[in-house]
Amino acid sequence: MSFNTFGKLFRFTTWGESHGPALGCVVDGCPPNIPLKDTDIQKELNRRKPGQSKFVTQRKESDTVHILSGVFEGKTTGTPISLVIYNEDQKSKDYGDIKDKFRPGHADFTYFKKYGIRDYRGGGRSSARETAARVAVGAIARKVLEQKLGKKFNIVGAVTQVGPVFSNPENWDDKQISKNPFFAADKDVVSIYEHYLMDIRKSGSSCGAMIELRARGIPVGLGAPIYSKLDADIAAGLMSINAVKSVNIGAGSEVASLSGELNSDEMRASGKQVKFKSNKAGGILGGISSGQEIICSFAVKPTSSILNTRETVNKKGKNTKISVRGRHDPCVGIRAVPIGEAMLACILLDHYLMHKAQCGK
Amino acid sequence: MSFNTFGKLFRFTTWGESHGPALGCVVDGCPPNIPLKDTDIQKELNRRKPGQSKFVTQRKESDTVHILSGVFEGKTTGTPISLVIYNEDQKSKDYGDIKDKFRPGHADFTYFKKYGIRDYRGGGRSSARETAARVAVGAIARKVLEQKLGKKFNIVGAVTQVGPVFSNPENWDDKQISKNPFFAADKDVVSIYEHYLMDIRKSGSSCGAMIELRARGIPVGLGAPIYSKLDADIAAGLMSINAVKSVNIGAGSEVASLSGELNSDEMRASGKQVKFKSNKAGGILGGISSGQEIICSFAVKPTSSILNTRETVNKKGKNTKISVRGRHDPCVGIRAVPIGEAMLACILLDHYLMHKAQCGK
Amino acid sequence: MSFNTFGKLFRFTTWGESHGPALGCVVDGCPPNIPLKDTDIQKELNRRKPGQSKFVTQRKESDTVHILSGVFEGKTTGTPISLVIYNEDQKSKDYGDIKDKFRPGHADFTYFKKYGIRDYRGGGRSSARETAARVAVGAIARKVLEQKLGKKFNIVGAVTQVGPVFSNPENWDDKQISKNPFFAADKDVVSIYEHYLMDIRKSGSSCGAMIELRARGIPVGLGAPIYSKLDADIAAGLMSINAVKSVNIGAGSEVASLSGELNSDEMRASGKQVKFKSNKAGGILGGISSGQEIICSFAVKPTSSILNTRETVNKKGKNTKISVRGRHDPCVGIRAVPIGEAMLACILLDHYLMHKAQCGK
Amino acid sequence: MSFNTFGKLFRFTTWGESHGPALGCVVDGCPPNIPLKDTDIQKELNRRKPGQSKFVTQRKESDTVHILSGVFEGKTTGTPISLVIYNEDQKSKDYGDIKDKFRPGHADFTYFKKYGIRDYRGGGRSSARETAARVAVGAIARKVLEQKLGKKFNIVGAVTQVGPVFSNPENWDDKQISKNPFFAADKDVVSIYEHYLMDIRKSGSSCGAMIELRARGIPVGLGAPIYSKLDADIAAGLMSINAVKSVNIGAGSEVASLSGELNSDEMRASGKQVKFKSNKAGGILGGISSGQEIICSFAVKPTSSILNTRETVNKKGKNTKISVRGRHDPCVGIRAVPIGEAMLACILLDHYLMHKAQCGK
């Protein structure tokens, strides 16, 4: 996990700017002989793709992925998999105001101060467009995990909060998630999300969101204490996603308010298995998976690019104002669902491989 | 950040079990010529040490640190610094119930399943006793940062929530923190914490806590996007602390509820400097420090070792019950303050060095 | 240095197969604001390019490099630099014999056994075509080092042995190297190399070579003991080049025959500088550069693909024979010169950055 | 492989100075449930220990190892193994001349220039005393490999050259190695080594040596191309040993003189196995083990501390002379045998684990 590389044994390195010629990644350490087609990856990219509904950015990108190496005759070879996605909608851009002004809430100011360079083209490397590469890698990680862990394995994510609107955890239904443009698992909340987001967009503002991820079929034993705890790696992976400001495992920040009795999950024998009576831990104890469902969540801040005028400074350090026009998501949290799922898939595969190395037969 | 090693350029590797002969760490990559004495480290260890008040564990450990290498004539040499702390209170222990039963909320079950070994001696490696080593390293990181960043630099932490009791952020006062046994920065909350914790202890239960950390004097530019973002490394570092289930940067999970206007911090020129009008970002934009105060927080779950009887299973997979006697903190979150500070110091130094390498003059 | 990634702070990850659609690399950790053009890279690639003389492979590849990210307005941005080279001569290939037989001396057998896959297309990932990516990265490393170290800095390499023919070290002349197709620094040896190689080619055989590298203008202090010693990293970097079987630093294997007096380089004051009276150490003492010229060498085995018939086995484990036709270098060592230079440049830059991080002002 | 840490999955970090209170290491990533006793490690340390014959240093060190963590009830737990060796003969030392003068051939000058510190106590961190820690780790690696690979596995090393005296490869006999104080595998060379070394010692000089290592019972498939090739890691590991200036795999530098026919090892079916007709490759093809014996060698320079007077400079940059008295090995290469074996064992185990992770069932 250095700079633009994530992972220890299943590692990927992403590259590319929002408005450069292309973006992509190199996936290293993938097990060989895993069936892999462009369409396996494209399917996941399409879930994250811009322009899918009026609630997300209207930037036009087909996000078509090309596999340049590491796959031969339909199977992974164990050598690096290079993926590239050419940017299609980057040419005619008039950067206007953005060129010399630092957009509040964005990385414009810090990138300029760190590197001494102002890549004003849509945020350059700091743009969330980088996350397309993550989703592509995640699709590969899922393929591997499906083969290694079998049918019990899956990862799902859903938006559980949009601004002030909360979904009801009791209503979580996997099947609902793909049936609405908000990745909501609670069908009762869909129309509320919709109205709220319509209003936000009209008002020229934006809102935050909370996303919850669940991974099933994960065996007990994944996680490498002390500093590669499964939850520590999840925290790093999710916090590295653009606009994320909070990561929770299981009951998350709620644990601060709980008593020991309410928090620690009791265990019961169930045939030769051990079952837990609850899952406040989110399926992770001491940094190691317990065999329960892995549950984690992350908060995404509101889109910083808004129509409403804000105060800021320009490259010369002078006071100015800015109103960011263009094709921005009113709630970037929505498209964060497949991104979060992808990161979780990569982390779980990485730990699966590490566990096999150290403790496998 | 692999297994028992944390950091990229300023790296430490910790070792040792709760009830083994000793614990310690090796610190690698420390800049040379930094003045360093045993007492610089001991001072920080004493803040975390057990037995300091009736609100923490009564285990008797002087936690005396010995420097075995890497320091010559009172200065760091640039070679590995080996630190050792001998365990003093580990001999006479009667492990009783713990030996064959898995304590709910602890890593007993997952370590056993992962490694096929039951090190029943107080949790073995999974014990929070490991955090003494982190605090020791943090003391070294602080010494380096003090020399490199000067007097503006400091890191403070405080307990902002104990169970259902919240401190008032408006009342934060650094000077209060060392004046009470709870690391509270709000003096109004001290007696409430005290009464609440007295009750919890008497009732045989335990409670969670929230800790907030603040780092000042951090220059703009620290952080290595994309996967070594400063906030991603903070998330990993804090989540790797025992019992932590949530990490927040700046406004944290609150951002899900905010509008773009309320969340993104506006900027104003202030002489040749840029000032922000607020700090919802917690001093980090796009994974890079903005020059503002770095603010982060983490939630610590209630102590899992409680007197009240819980249901669990034993090593043979049979149902049983457990009541954990002994010298346990009713609220492990309290002693987490110096641990969190230490992790933050290590991460900031690591990023300081990385930034100097890539972008320094 | 994991799998397909090399380096610690200046890191690159290469990808691509000999006869896949493309090959390339991602360079991460490059300092920002370094002037960089396609032609800076192309210049070095052209030195390694096939088809430059009758003494190297006649495969037709322009080896045109494309920069896909990390450079903006002619300067590096500090974000990942993605380079791609499309394979042009990979389509019409008839793999014939190679498809099912393991070529002796090649990685065919071991790749098949390791990965369970037979990528017969010219060796797939194990082909020396991968080294084009290294040369491209090396060109970037040189640009950075030139800017950081100034005009005293340069790296040159030469072929000092071809089969049984040795050049005379006394005759080393940098200016000769580009004047002959063998990268010979000793002009007296050129025609001997030429005649020897003509004979070898006609006889359907091949021969090995020795390459020496020299880096000048390297400051004292680069190298990170104990396990990132400058010479240890050079050894790893050069040994990772296809067909290399030996790496020497300074006097190299000759030291086994020397006495202490002859081996250890005496020092003399020279104004405020320290000068060494000899350079058996190759400019490295205790893993750290001494300020002298860095000298190292590596042996390249003879091309394993030869016309003469050899015994081998096929994929089914049956005995067979093989004669490898096609466009092979009679002496792969010749084109190894720019590759070795590139690796050395990358390693020196990596250590320059590490040294700045830990010990820089 | 960063600074003082070696390895990727089986990793160790060493620490300690020649004349500090202790030296040691932390071994991380060791598989659990491997039987391990102090004596398993001590046995190997005793092979490297000073004072064993008149041909090595007379420094008095029992080199007694203490296991401080990671082993419980006689088995590894999968958590970090901390080993410590207290220095016994470091107290009364009169450093005399060494204190302010840079010994030619040693790291005194480069350490001082790099770190700005002069740790004159016997070379401090740069002393070969560090290698005791490597031998200790190697003993653990052997134990794991013995359990994983079975009885076919072993690693042996021998001194094949002492100054101008070469052993005869045809005479290699494992059983001879422990029967003489020179680790010679050729019994005919023993008395020649002995007389030569007696003379060298009397003359106040020193000599170099060549060591060859052989590993048997290594399965096909270990090695992680491209930059973690098995031979690249061996090159790094052996070159990181004090005083090593050359590393060879199989035929090594001899390959430069060979033809393709003589170099590439032909293959034949042998039942369901594949046998090679020769082993110029040293058991490694394309960076991956071939199932043959792994053969490598390394050259050790003559001891730089010699009685004969040499020219040098002092800390103030003034010309001076030095004659290094004290208890030095006339040929440090002799005690390098167990060190080389240890490094090879660690590298093979590391690759065994990596291979299991990526390609194992």
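A, B, C and D are the chain letters, set down in written order, and residue numbers restart from 1 in every chain.
What we mean here is this: a contact is a pair of C-beta atoms (placed from the backbone, for glycine too) under 8 Å apart; a residue touches a chain by one contact, two chains touch by 3 or more.
As the structure is a computational prediction, the values presented were derived from the model and not from experiment.
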Pair joined by more contacting C-beta pairs (B-C or A-B): A-B
Chain whose average C-alpha position is farthest from subunit B's own: C
Chain pair repeating B-D, as identified from C-D, A-D or A-C when over half of the contact pairs by residue number coincide: A-C
Rounded Å distance between subunit B and subunit C, as computed from the means of their C-alpha atoms: 45
For subunit A paired with subunit B, centre-to-centre distance based on mean C-alpha positions, whole Å: 26
Shared interface positions of subunit A, touching two or more other chains: 2-5, 14, 29, 32, 78-79, 114-116, 125, 225, 359
Subunit A-facing residues of subunit C, complex: 2-5, 11, 13-17, 20-24, 26, 28-29, 32-33, 68-70, 72, 75, 77-82, 84, 114-117, 119, 121, 124-125
Partner subunit C, residues of subunit B touching it in the complex: 9, 29-32, 78-79, 225, 353-354, 356-360
Complex contacts: residues of subunit D adjacent to subunit C: 1-6, 8, 14, 102-107, 109-111, 113-116, 125-126, 130, 161, 163-164, 200, 205-210, 220-221, 223-229, 231-240, 242, 245-269, 272, 274, 277, 280-282, 285-291, 299-306, 308, 310-313, 317-319, 333, 355, 359
